[in-house]
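Paired with subunit B in one complex and with subunit C in the other, subunit A is shared by the two complexes that follow.
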Partner chain A sequence: MKATPTLLVVGRLYLALVLAFLYLPIVVMATMSFNTSQFYQLPIDWTFDWYVQLSSNQRLLAATRNSILVAMATTLIATVLGTAASIALFRYEFRFKKLFQAALFPPIAIPWLITGTAMLLFFFWSGIGRGLHAMVLGHVALALPYVIIVVSARLRGFDADLEAAARSLGATPWQVVRYVTLPYMAPGIIAGALFAFAVSFDQFVISYFLSVPGISTLPVEIYSAIRQGFTPEINAISTLVIAFSITLLVIVSRFYRFGDSR
Partner chain B sequence: MALPDTVSVPRRGPSDARSAAWLMGPAYLWLIITVLLPLAAMFYFSFLSDVPIAGRNWYTTFSNYEAFFQQEFYRTLMWRSLRLGAEVALWCFVIGFPCAYVLAKTIKGRWREALFLLVIIPFWSNALIRIFSWTMVLRGNGILERFLAWLIPGFGSLDLMFTYPAVVIGLVHSYLPYMILTCYISLQTIDDSLVDAARSLGASRLTVLRKVILPLAMPGIVAGAVLIFVPVIGSFMEPRILGGREGTFLGTVIEDQFTAVFNWPLGAALSFLLLACVLIIFAVFQPILRRAS
Partner chain C sequence: MASVTVSHVTKSFGNFPALSDISIDFSDGGLYSLLGPSGSGKTTLLRLIAGFSFPNTGEIHIGGSAVERLPVEKRNIGMMFQNYALFPNMSVYDNVAFGLMVRDTNKEEISKRVGDVLELVRLTGYDRRKPHELSGGQRQRVALARAIIFRPKVLLLDEPLSALDKALRLGMQVELKRIQREIGVTTILVTHDQEEALTLSDKVGVLKDGKLLQEGTPREIYERPATAFAASFLGDANLFKGRVVSGALELDGGSCLRSLDVLPEGGTATCAVRPEKISIVADDEVLASDANVMEARLDDIVFAGNSLNYLLHYGDIPLQVFAQNHEAAELVPGQLVKLAWYARDTILVEA
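Here is the complex of A and B:
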């Protein structure tokens, strides 16, 4: 259907309006993190004070360190386990395969409140306990399905004849994986790893239920700061976190084409 | 979200199953320990009178579920949460569908790719921080009220912060990208010649939308609505931050049982009732969801 020029303009204006709705609060927050007044006084009196204060806020720094540690551990474990599982799902036929694929959904589909409280209860009761190790356990469960989906999407375009060719030329099974399969999968694995990092780094609900006083991640610390009475440094750290996430996603988009039905 | 639909070479032998088990075992073992066992433990807890640790006096009982069915309070809460989920999903559709249409049908090439990325960036940035950023916009004498006062001199106060609408605004903002994404994907598959054919046969734009585009985009719309409805009925952080005292929903009450009241068995029972709702929704919409993926 050919849209009339007026409709086309209206459509684009509307799209711009929706994007403004999506970005407005983030932009407001980022702007306010440079404002001297912590009560949103306008016009803005620019300052870096909150960022300077941030660098001496031990609680937020410790939480940032924990967030990065947990995200790195999650990325490593989820990428290795997820890639291995994707290869198995791609290469082999076995019974209940559909069931195994469907089993990836609960961690994504069930509200995190339910998974989070269930983990809290089970980890506490079974003696696993709470803390950073428990968060890694939980985050990997959330990240695994994403890694498997992204890596499997990449594998779908893989021509198994390449492996057969390598074998017929005398490559050992390990050499086939090392020099043929893995290099082909690399973009998928990198995208999956970045997804896993983002999932863990931004995860709030699971971390919230598995944190113990004194040991928490950045989102948990931000949440308690908001609830206890907000400090302007929160604007500063939040702006940094958002900037970091956006950078990460732009990098992911180099490896994984969103909305592309390949 | 698409299932990892793998096209595999039909080679099947006894060693295949063993190799597959070695490759997949660790991942699935991990999921069993961190998802399946906790859910099973929670189901067990929901029938207990107290946390089963040394020094506590506990026995099995149905009283946690009875509390839900006998006390008006919990049913009202469940109803409030379901309504919130439906309202947020509806608003996301109203706002997101036209947006997805413009993106899928009128913009081409690199611009489309760039705009698409712009839509999903907020979706991948921290949910908590996005909700928090709304407090600055919505609060009394905040950005929104100042803007309106500047636009319309003498504009009074909105008092949006800590109200039900504030919670809806925050949640719509959080989940809108889901709806745009799923609608976009299903709109993309619609063949433009169908629309042209309907137009050339004399159908008005509105008729084409109603009789051709909406029915064909239905899988995407339903998938988006389900993907929004489910997390919204389990939300607790958004109502807490934006709703204040008005923000009491099933999710916040469950959170309270685990973090403030320490009545874990009741919390477990409420969680399971919430999970039951989620499963019913997935079961009902499963055929459409499968088509969407």
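Here is the complex of A and C:
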């Protein structure tokens, strides 16, 4: 069917609306981070003042540093564990394998509020307590299913004969993994790692529950800052985070195309 | 180079006996085909020789030393996989060099030997290509080069030609044989394709249900199949089942077939006759005194270009006769024709 001119116009309008709905708030926020007026007054009087102020806001900066630290630790642990689990799930048959695979999905679907409450109770009861170490544990638990699913999806197209071929050519088990399995998995592992980073960096509910006074992450700090009164510094830090996230997303799409084997 | 000896090897998966008491000698420098239908255990046997799995009982020797407990990477075997299993992220050069690279060979040596082996498989100049930029035949040559570059003791080929189309297959059969001769490596080939087994190998072993039914040169196996299964799996065969009466095979329809084999007196027996050994003869033709003769009803004539394939029935027994195109007589389906063949072409087989 050929699109009629009317349909074409309606379609374009619809697309424009969707994009506006998605991006307008972000664009407004980013713009206002460069506006002198605290109260969103127009016309815009361009300034970098809020960024300068941000650079001396120790609470936000410390929270940012914490967020990055926790996200990096989470990424490292979740990626290593998730990759190993994916290889095991791909290569071996064992009892309760199906059950284990099915058990990977509910944590994604269970509301974070519930997971967070459960973790808080469990960490308190078990003596792990709260703080950045507890956040890392919580974030790893959240990120792990994402990593396993993404890496397993990549592995599904893997020809087990490649490993057999490498062995027949004299490669030790480590050489097989290093030269054959890992290079093939690399796009999946990178995508999984970025997912893990994003899950941790964006995480609010669990971080909020597990933070202790004085030590929190960026989302938690932004939330408390907003409660105390809104300042364009928040716009500034949010804009930076968005710029960072978009960069991350571009890298993900570079390495990982959904449903594509090559 | 080395000979391979498999003695009394058994292997089962759960309760399924994949191989039962297999013993085969693969002679040094020979090309041996393991032929059988799927589920016959031929691939299991190849994987045991390769070292991907270990036998339950029995021994495997390569070049005189027992290897049945050694893992693949320690056996120094070269293997070519059915789908070639080329490393997709590596160039032709890196694929071929892999076996030397993991053996810590120095760079100049690798480069020289990759050059040599690519010349051997006639792929000089393709070093930089990736596997997905090659044709099926070229991929196969890369797989072969990769499997032989480190001078393995044994070369194992798993259905080497099955992924190629027919025209390419014929050329590769010749190539494979040339390369195997040139490097003289003991080669074991697994196939379900009887033509591949017959044209390529010095020796063929026929497997069925995890047992070695028969082994011999292609000619022996084709001309003197030991069982009805071997007769019909390797080529086509007309099978006659009957009672043995005074040294000849008496069929239900009354015809008596003579064989040079000694038929078990008083019992029943099965004989096989290759379709190309049978001639359709004129009523007045003079036949040798020991010829077997029968009348059969012609059902159909299948024209296959250079040959004609006659489909017939003798009583309930379906028959096939192949004839070269030049001698085609004017026959019509439905008519009775006279068939004749030599007693020596009537082979006693196990049912």
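One rule holds for everything that comes next: the second predicted complex is superposed on the first by the 254 of 262 C-alpha atoms of A that agree within 3 Å, B and C clash if a C-alpha of one lies under 4 Å from a C-alpha of the other, contacts with A are read in each partner's own complex, and residues count from 1 in each chain.
Throughout what follows, contacts are C-beta pairs under 8 Å (C-beta built on N, C-alpha and C of every residue); 3 or more make two chains touch, one makes a residue touch a chain.
Treat the numbers as computed from the prediction; the structure is a model and nothing was measured.
After superposition on subunit A, the partners subunit B and subunit C are seen to fit next to each other with no clash.
Applying the stated contact rule after C-alpha superposition, one finds that A:179 touches subunit C and leaves subunit B untouched. More residues of subunit A are in touch with B than with the other of subunit B and subunit C.
Angle at subunit A (Cα centre) between the Cα centres of subunit B and subunit C in the superposed arrangement: 100°, in steps of 10. In the superposed model, A:102 makes contact with subunit B only, not with subunit C.
In the superposition on chain A, no contact is made by A:52 with either subunit B or subunit C.
When the two structures are aligned on the shared chain, A:171 is found in touch with subunit C, with no touch to subunit B.
Using the contact criterion defined above for the overlaid structures, shared-chain residue A:251 touches neither subunit B nor subunit C, since it reaches no partner. Minimum Cα separation between subunit B and subunit C in the superposed model: 9 Å. Interface of subunit C with subunit A (complex): residues 50, 52, 71-73, 76-79, 81-83, 85-89, 98-99, 101-103, 146-147, 150, 156.
Within the complex formed with subunit C, the subunit A residues making contact are 159, 161-162, 164-173, 175, 179-180, 183-184.
Listed in rising order, the residues of subunit A touching subunit B in the complex are 1, 3, 8, 11-12, 14-15, 18-19, 21-26, 28-29, 32, 40, 42, 77, 81-82, 84-95, 100-104, 106-115, 117-123, 125-126, 137-138, 140-141, 144, 148-149, 152-153, 155-156, 160, 198, 202, 204-205, 208-209, 219, 222-223, 226-227, 230, 234, 238, 241-242, 245-246, 248-250, 253, 258-259, 261. If you check the complex, the residues on subunit B that touch subunit A are 1-12, 16-17, 19-21, 23-24, 26-28, 30-31, 33-35, 37-39, 41-42, 45, 51-53, 95-96, 98-99, 101-103, 106-107, 115-122, 124-130, 132-137, 141-143, 146, 173, 176-177, 180-181, 184-185, 188, 192, 195-196, 199, 205, 208, 230-231, 233-237, 240-241, 251, 254-255, 258-259, 264, 267-268, 271, 274-275, 278, 282.
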